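When the chains are written out, they are named A, B and C in that same order, and each has its own residue count from 1.
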Amino acid sequence: MKFPQPVTVAWIADLINAEAIGDASMNAYGINEIHKVEDGDLCFVDHPKYYDKCLNSNATHIIINTKEVTVPAGKTLLVVAEPFEAYLTIVNHFRPFTAAVKSVSDTAVIGEGTVIMPNVFIGKDVKIGSNCVIHPNVSLLDYTEIGNNVVIQAGTVIGSDAFYYNTKKNRDVWYRRMQSCGNVLIEDDVEIGAGCTIDRGVTASTRIGAGTKIDNMVHIGHDTNVGKNCLFAAQVGIAGATTIEDGVVLWGQVGVSKTLTIGANAVVYAQSGVPASLEGGKVYFGSPAEDAQVKKKELVWVKRIPELWKKVME
Amino acid sequence: MKFPQPVTVAWIADLINAEAIGDASMNAYGINEIHKVEDGDLCFVDHPKYYDKCLNSNATHIIINTKEVTVPAGKTLLVVAEPFEAYLTIVNHFRPFTAAVKSVSDTAVIGEGTVIMPNVFIGKDVKIGSNCVIHPNVSLLDYTEIGNNVVIQAGTVIGSDAFYYNTKKNRDVWYRRMQSCGNVLIEDDVEIGAGCTIDRGVTASTRIGAGTKIDNMVHIGHDTNVGKNCLFAAQVGIAGATTIEDGVVLWGQVGVSKTLTIGANAVVYAQSGVPASLEGGKVYFGSPAEDAQVKKKELVWVKRIPELWKKVME
Amino acid sequence: MKFPQPVTVAWIADLINAEAIGDASMNAYGINEIHKVEDGDLCFVDHPKYYDKCLNSNATHIIINTKEVTVPAGKTLLVVAEPFEAYLTIVNHFRPFTAAVKSVSDTAVIGEGTVIMPNVFIGKDVKIGSNCVIHPNVSLLDYTEIGNNVVIQAGTVIGSDAFYYNTKKNRDVWYRRMQSCGNVLIEDDVEIGAGCTIDRGVTASTRIGAGTKIDNMVHIGHDTNVGKNCLFAAQVGIAGATTIEDGVVLWGQVGVSKTLTIGANAVVYAQSGVPASLEGGKVYFGSPAEDAQVKKKELVWVKRIPELWKKVME
């Protein structure tokens, strides 16, 4: 998330009650997760294991719970006891959750020729292009951006919060939500089936590339990046921060784990489970998914165990 | 789809800008897909591989992109460069998508004793029988027909568009939707759980037979024909144009592929995947599904591989 | 379900047209299923196989279709031809289905600081604690009770009817719904994703324990008891009357069968199927699920069959 306008490090330090180390007159332009952060942004880290990674990321300003680190030149530290709480404070300041009072927000922008059917919810700052159809009982949550010629079938939810928690098992409540301030971007000519859910990015965007078609009851996690002209059959589930390149086909009930990449034009057969990255241009099957031909041969080999047993016994 | 009244072949030729070959004064009664088409109907074909199949189907009038075929006696050709576009033109003429302005259409017919709960959407020409309960946030889309004593739990979508595309990878947008003009037929005493989706037929009907009970989050694809007294547990997914005969039981998370048949009173255990037709009256398990007893034995055989290995090594 | 106030056995006998055997002046306090029933409650039984179990359960008053049983001291029999119909009559008397006329019932109680977004349905006698967020298009059905600091994402359904049928294949309609009179209890700090469905208990409560976090499109069946601080990833399905103890983690698309127990802090990997109880504190994988290490070794063994075959052939 970028801030609506730059703020100084001193201003942030005041907001989150931090000690600033470095040039507090520098500007901060936004706050993002370590793998999304850009030059000028804030990032937070609270575990020693990730201190170095965060200090050497693209982040310019690091919210951290120690002073005992070497700060790279041109960067600042914002030292607090609980960096995660500081993150929440900043997000709540710039993107406070606001209770909607109307089904279609006054700040939503809806393009020419676009049809909004009854019982649709459209949140704050949602942008919808031209010639779209948004079917009944769809929820388009705050900050969602939709291109032209997009169809969203009934009952689908776009922009629900990321399933992303700060875990500490010595607390009474083990899991505390890392509040989402990202959004969902749906490009031109995308069609999304009925009863789907697409979560917003935690600090950046979940993207559905142009021309991609999605069947009913497909779930797509936060920060996932789906390419152009993909085809996802019903009940597919894709976890968070995954990259699906252009032209990928996932058949029904396929499950894809988080943060991996499926290469362009790969095809994954129904009910397969994808625990790790897959090379593009190939066909996969199984849970865990592997080359479909190899997997099919394996199924035949399994059928031959009794025969093998008999041979050995003889 | 049948037309509201018959039209002449000449009239159709004019609508889609086609050259008519044969008796253009003949009547056309509807337009349907090749496996649904009836005597007097139009059908379209654009791939040489399917020319013969279409010409020799029940269709009386064939929209086609060639003249170099032998026309069976009593049939007509409608020759155009892009038969798929002609199909869309005809469907849009007879069943244009119309933006609903109310949650319950004025053309909907609702039987005596039927309860419609708040936040329900009921589209154009929807028919609901008597003594039904339609729970909150349900969407019953255009042309859906529902019998008597039917219960539909909250959030379910009936009549979403078919996931059915014309694919050409030399276009910028590879997949273009084949617009649905069919509907969903739900017979008496059917009960459908919460968060389900049932797609309408492309040109004909998706049917749920009398007395069938469906748990939550079940997806049923376009043109699928479900028999009487079936039982589908939660999160089952059935692809398009499949036949499920009477009394079939599918346990949770079962996936069924397209265009196949599951015979009467078959039982398929949880999480199984059905890639091909299954004989009725038997019990199945696995992905791919096979006879449950055979599959269970196979699981035992797999456990014995280390023992087998040891024997061979000795 | 407890009755709003106690009634006499004589009164019940009159309502369901039963012959009372025993002290008809005794009070009945509620009606429940055999495994939920408490001292003073009614229970029904119609199959000789379960006569003894029901007579010796905690139930004080037994609705039954025979007199040829020995009645334990201090209990009463209510003899009718169709105990299942008698059950329905009692449930319909005390918890009649009523058509809602408003999106938010006048009898709902909503705590301070709780935000109800547009297009939400809130049924009869629903109770929601303080500082909750109920996102758009959510359905909270009759009698649902929700604690404090609970978040429910868009499109989710809480309190749909149990998928629970009285089956007789000699009837025209094989399956008749056992009407639900239970509810859903959601404790403090629970968060539930978008597009989820949680069924109410048949006669008691479906419970989600404090601090549990549930991702999108998760289905939880009737009377299931989920402990504290559990984590369920997207598209998990849990059948009815299951016990999930505290701290259990279920990854994406896991399926869990009915009436079993998963012990505290167990972890079940994605796409696994759980057909029977699992001990706590361990990690599981596979369909059927087993110890994850054992399952992984098995996958390696299967890969070695061709090598084994070669050795045997030599």
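One rule holds for everything that comes next: a contact is a pair of C-beta atoms (placed from the backbone, for glycine too) under 8 Å apart; a residue touches a chain by one contact, two chains touch by 3 or more.
The shown structure was predicted, so the numbers you read here are calculated from the model rather than taken from an experiment.
> Turning chain B onto chain C with a C-alpha fit: angle in degrees, nearest 5?
120
> Could the interface between the copies chain A and chain B be described as same, meaning over half of its residue numbers are common to both, or is it different?
On the two sides of the chain B and chain A interface, the residue numbers are mostly different, under half being shared.
> Any idea how many Å lie between the Cα centroids of chain A and chain B?
32
> Any chance you could list the residues of chain C touching two or more other chains?
119, 137, 155, 195, 217, 235, 253, 271, 287, 302, 305, 308, 312
> Which residues of chain C touch chain A once you look at their complex with the stated criterion?
Listed in rising order, the residues are 115, 117-119, 133, 135-137, 151, 153-155, 189, 191, 193-195, 210-211, 213, 215-217, 229, 231, 233-235, 247, 252-253, 270-271, 287, 299, 302-303, 305-306, 308-309, 312.
> In their complex, what parts of chain C are in touch with chain B?
97, 99-103, 119, 121, 123, 137-139, 141, 155-157, 160-161, 163, 165, 172-175, 177, 195-197, 199, 217, 219, 221, 235, 237, 239, 253, 255, 257, 271, 273, 275, 287-288, 298, 301-302, 304-305, 308, 311-312
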